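Once you've had a glance at the structure underneath, I'll fire off some questions.
Order as written gives the chain letters A, B, C and D; numbering starts at 1 within each chain.
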Amino acid sequence: MVIVMASDAEQSDVDAVIDRVESAGGQAFVSRGVSRMIIGLVGDVDAFATLNLSGMRGVCNVTRISTNYKLVSREHHPDRSVVHVRGVPIGPDTVTLIAGPCAVETPEQTLESARMAQAAGATLLRGGAFKPRTSPYAFQGLGELGLKILADVREETGLPIVTEVVGAHEVDMVAEYADMLQVGTRNMQNFTLLQAVGAAGKPVMLKRGMNATIEEWLMAAEYIAQRGNLHIVLCERGIRTFETATRNTLDISAVPVAQRLSHLPVIVDPSHSGGRRDLVLPLSRAAIVAGADGVIVDVHPQPDLALCDGPQALVAEDLADLSRTVAELTVYMGRNAPTRRLRRAS
Amino acid sequence: MVIVMASDAEQSDVDAVIDRVESAGGQAFVSRGVSRMIIGLVGDVDAFATLNLSGMRGVCNVTRISTNYKLVSREHHPDRSVVHVRGVPIGPDTVTLIAGPCAVETPEQTLESARMAQAAGATLLRGGAFKPRTSPYAFQGLGELGLKILADVREETGLPIVTEVVGAHEVDMVAEYADMLQVGTRNMQNFTLLQAVGAAGKPVMLKRGMNATIEEWLMAAEYIAQRGNLHIVLCERGIRTFETATRNTLDISAVPVAQRLSHLPVIVDPSHSGGRRDLVLPLSRAAIVAGADGVIVDVHPQPDLALCDGPQALVAEDLADLSRTVAELTVYMGRNAPTRRLRRAS
Amino acid sequence: MVIVMASDAEQSDVDAVIDRVESAGGQAFVSRGVSRMIIGLVGDVDAFATLNLSGMRGVCNVTRISTNYKLVSREHHPDRSVVHVRGVPIGPDTVTLIAGPCAVETPEQTLESARMAQAAGATLLRGGAFKPRTSPYAFQGLGELGLKILADVREETGLPIVTEVVGAHEVDMVAEYADMLQVGTRNMQNFTLLQAVGAAGKPVMLKRGMNATIEEWLMAAEYIAQRGNLHIVLCERGIRTFETATRNTLDISAVPVAQRLSHLPVIVDPSHSGGRRDLVLPLSRAAIVAGADGVIVDVHPQPDLALCDGPQALVAEDLADLSRTVAELTVYMGRNAPTRRLRRAS
Amino acid sequence: MVIVMASDAEQSDVDAVIDRVESAGGQAFVSRGVSRMIIGLVGDVDAFATLNLSGMRGVCNVTRISTNYKLVSREHHPDRSVVHVRGVPIGPDTVTLIAGPCAVETPEQTLESARMAQAAGATLLRGGAFKPRTSPYAFQGLGELGLKILADVREETGLPIVTEVVGAHEVDMVAEYADMLQVGTRNMQNFTLLQAVGAAGKPVMLKRGMNATIEEWLMAAEYIAQRGNLHIVLCERGIRTFETATRNTLDISAVPVAQRLSHLPVIVDPSHSGGRRDLVLPLSRAAIVAGADGVIVDVHPQPDLALCDGPQALVAEDLADLSRTVAELTVYMGRNAPTRRLRRAS
């Protein structure tokens, strides 16, 4: 931690800072500049954070040098992690394709979407039973009925299920059906939910908040990790900016940046970021060569009739392209298509 | 609803849109332009929203003209509402001052803060027992113990309590102590929580999400209202922008804009938006003359020692200024200081 | 300047930094932390900035502590400045009202607008002859003809003229007519233009770039000041955010923040930030009590017919309100209405 | 154009709109909804834009359906264009690599950078002689001396030159040396400059403003095109968002979006968007597979000593990777490396 004192700080202000730091078991080193003093702190940074140093007289600025996350940090865990979802790996050696309908609507639509996904090379099935919607008048998902449909489709196709959970009290119920729990963009800082999924013992896909910095995203992951669950996959899905040509702005740089800061896998959702079907393929390609460990896309047998986000869902004719693209660029990046490692469902 | 067709749309595309609209009980009117056609829809707009018109062939753009919220809309309720918190009004005839510590730390600190608040003219006490913090290593609040402290201080001072609730499963417990439930900025789109506070039957203060448009804020309020609870106060607390000189950017225009769109009261939090003590007074003044129905500020007897957001808390010497400012500008705006209307706690 | 070294930096990296700093005549002080080293630099910071220290091996982060502007900084000039425009003061003792049409269209419209402005208490006339427009197909202003109209209206009314200049090569011509040169939001970082207006010897109104931080705004002012012209007034006019309910988001906090960092006067443009006539009055009030040294508004005798920004122009019936508001809040803030100090045009 | 009337608009308001439109030679069609009326306009949209319809009584909203640009629009020119820079093509059949130093510092550094660029497969040399810098105290470039150095290096290497021009009055002088004129991000809405480069008859690279929407970018290109110069290449270089981990946020979606709206080539600058050397390669890959028609990168023989943007410059060891990447992905995308088509310099 580095403290910059104001130019009119007095020696007594500096002494007060040093006293407080030392009383918390730390050490303080003073550098005198021409017009200001800088104090470097050594010791337990989390303890320092509770000292309210920035509120002290004469203090201009306090900068934390070490990160605010540890368990998910790459500094403390240099090897990049692999997360297994019922045997399907997501990590640095593979490019995992996750596909399925935005929302589960009917058994037929879900099964058909899953077949489309599988034919395109997807090894995990996405599908929402609980949908957090901006408008209370929009379709909110089928709830537990949707989960049962997903479970039936898994039975049929063998594809493990990734599905969203929106309330802490529903985590246990959703975890009974799901193979991976998804925390959506609007809930990235729903700390109650983060703690609940952390305790549930299932792999978690944590979508980046549309207004969250990469650092805040990693701190949200740390909330999950603190409960003993490190099976976390980060998912970049676009951030909110002034640009309105796309629903959100895919922050493609976040892939290499987050992978440098954290050992967790990072995947990309090109469907929700752009909100436009015609962008899914170019953004999927971009994601893979930027180093993403996977891609998650919406598919729908009849996007015209989709109850949610139809305009962005891929249709059958797109999927051959997607499939070929993923396969080719996976090889280009020196990775493998993931094949399931047989093991019991976690 | 207005649909703009693509310039290369065919007559069959137009017919398909009309069919779908009519099959949902609506009416469609076509205007032919030089290079495009425009279709105006009349009928149940919410039904149309489920038709996925924007995913249809030849459709370029679908614009909803009517609002996505009704219960909180001023179009359907032209008179601005008054929300009473244990008898203290928040609404168009008053300027309500809410003050207190960001976080409840000890009985002494809370009582002292409440006395400061009361002396400055505050008629409601704010104080957090559950704190949603970006870092899992930051102080998370005292939980129910904090609520008990607040209840004791209410007993002592007579000030009704405004306090945050962060999890849906805790709403009932918090509601036992609180006079007004606060939904924080990170939870504005935690729809599970919104529905729970909607059902709790207590007044709600809904902070604007730091990345939420005014329209999304009103839709979040609509989630609460749908559960039969219209005792909602909107609180502008700054949005996230590229500017880093302040913690967030107070969107002062949101006050008159939200009041024009909704009948709900709108207050301003100048402490959290700026994150700087020296901005609290100028921003409080600005809020009141922009038409805010109240102001909510942090106070602390010893901000140096605050466990949370110390740098922005007002101290005793600021409060006389704040008190005078609020009083004078309340009169200037032709409003009254709120005095409690005696009635039983709701 | 403070340099934070990477956690894996070697002693030779630290030595290389020290060498480079010392070879530039500076001094470097090393603080050793548990896992990192921090180097504080003392000396000519501008010289250090050319050393490319952040590109050196082992350097993690370089933070400049002193500001990037000097001439406009309040640190070096604690008293707030007054800028006189042909005798009309803008500064800490007054609240100056500047009003007029967004664009000069005809002699009649300009004169009528000026009469409206004057009746409302304005002491300076705004009006655009050169309009930078996003679309090349929009009205671009009357050019020099517009300036002549403004000069005639000045003759008629006695109101000094504030008008925009968009090209460096036109500065001399515009300066022949104008009493104050305006640099618009899109040109805030047109450094060629900044230098030209700096050399022209007329007072300058520098609008904040809609995407500029406060620090960048002050650095843009420094470009003007470097040419020997310190007669600069800063004008906050809204920044670009994700919110679309208003054209831009008025950053009301920028008023006190900029006044703390710089000695230059700061005024507010509530017309262009909101883009809506109904927001001009509440935002004007907010600006004055936040400490603005003036307000600049659009007026138009027939906004229906305005060639530019009609929807935001005040009409006659609004002006009595504006006039009363400005007068009352000026008194409330302990300031005076500006009266012209007689002196020859600068 | 579509006009939505307010719900309380009267028939006389509607009639007034129709009258005004018809008096301008247009036609208006009215659709009546349950609570609102919608008026569709047919005719000369640019003429309608001057009618100030949005300022009329009872008008709620005016939406322009047709685009604000024509000459650069793909709607009017379906085939994507190729721009030749002294014989080097930039367009849909190639992926052009442009490389060189951010700033020209010395003849040696420039020549060495050019050799590095050429060895990596670059066919155009970038290099700045006029640098628009946020701080007036930062290195501003060598000016005409820098242009002479560039010309000498072109003589030596055969690489055509891309270089920035910052002032309208310097366009002719810069054009004497340059093969392609660059308009930088801060000048994207410097309309005086746009018109000057439009008139200069040289190919132009138009960087996207860091706060500009894609639509505004295309309107800026339209300013250049209006002067008869359609040899314009668009360059995405990152937009300003709340994220601070990267200097700007590369808007990778802008590549396919802009290519769909405009026939002009679109290239990407991964060096300036990220501001970090370690991001240049992943972002270059992403750009190419997203469909970019070229990539422009900073190289420097000794980034440690660079006077400008050293931390982002590629060094020799990176260039082999870049070269291989560009070559491989160019083939993957079914394009060619550009070879110069021999012709006289334009």
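The criterion applied here is as follows: contacts are C-beta pairs under 8 Å (C-beta built on N, C-alpha and C of every residue); 3 or more make two chains touch, one makes a residue touch a chain.
None of the values given here were measured: they were computed from a predicted structure.
Listed by label, the chains touching subunit B and subunit C alike are A, D. Centroid analysis (C-alpha atoms only) places D farthest from subunit B. Annotation: C-D is the more contact-rich of the chain pairs B-D and C-D, by number of C-beta pairs in contact.
Least-squares overlay of CA atoms from subunit A onto subunit B yields a rotation of 180° to the nearest 5. Mostly identical positions are employed by subunit A and subunit D in their mutual contact, as over half of the interface residue numbers are shared between these two copies. Inter-chain spacing, taken between the CA centroids of subunit C and subunit D, is 27 Å. Once the centre of each chain is set as its mean CA position, subunit A and subunit D turn out to be 32 Å apart.
Subunit B and subunit D have centres, each the mean of its CA atoms, that are 40 Å apart. Taken residue by residue, subunit B touches two or more other chains at 211, 240-242, 244, whereas all remaining positions touch fewer. Touching subunit B in their complex are the following residues of subunit D: 2, 4, 7, 29, 31-36, 38, 40-43, 60-61, 63, 65-66, 75, 240-242, 244.
Chain contact summary for the complex, subunit A toward subunit B: residues 46, 49-50, 52, 54-57, 68-69, 132-139, 166-170, 186-187, 189-193, 209-211, 216, 219, 222-223, 226, 240, 303-307, 310-311, 313.
Residues 211, 213-215, 239, 241-246, 249-257, 260, 273-274, 278-279, 282-283, 285-291, 328-329, 332 of subunit B touch subunit C in their complex.
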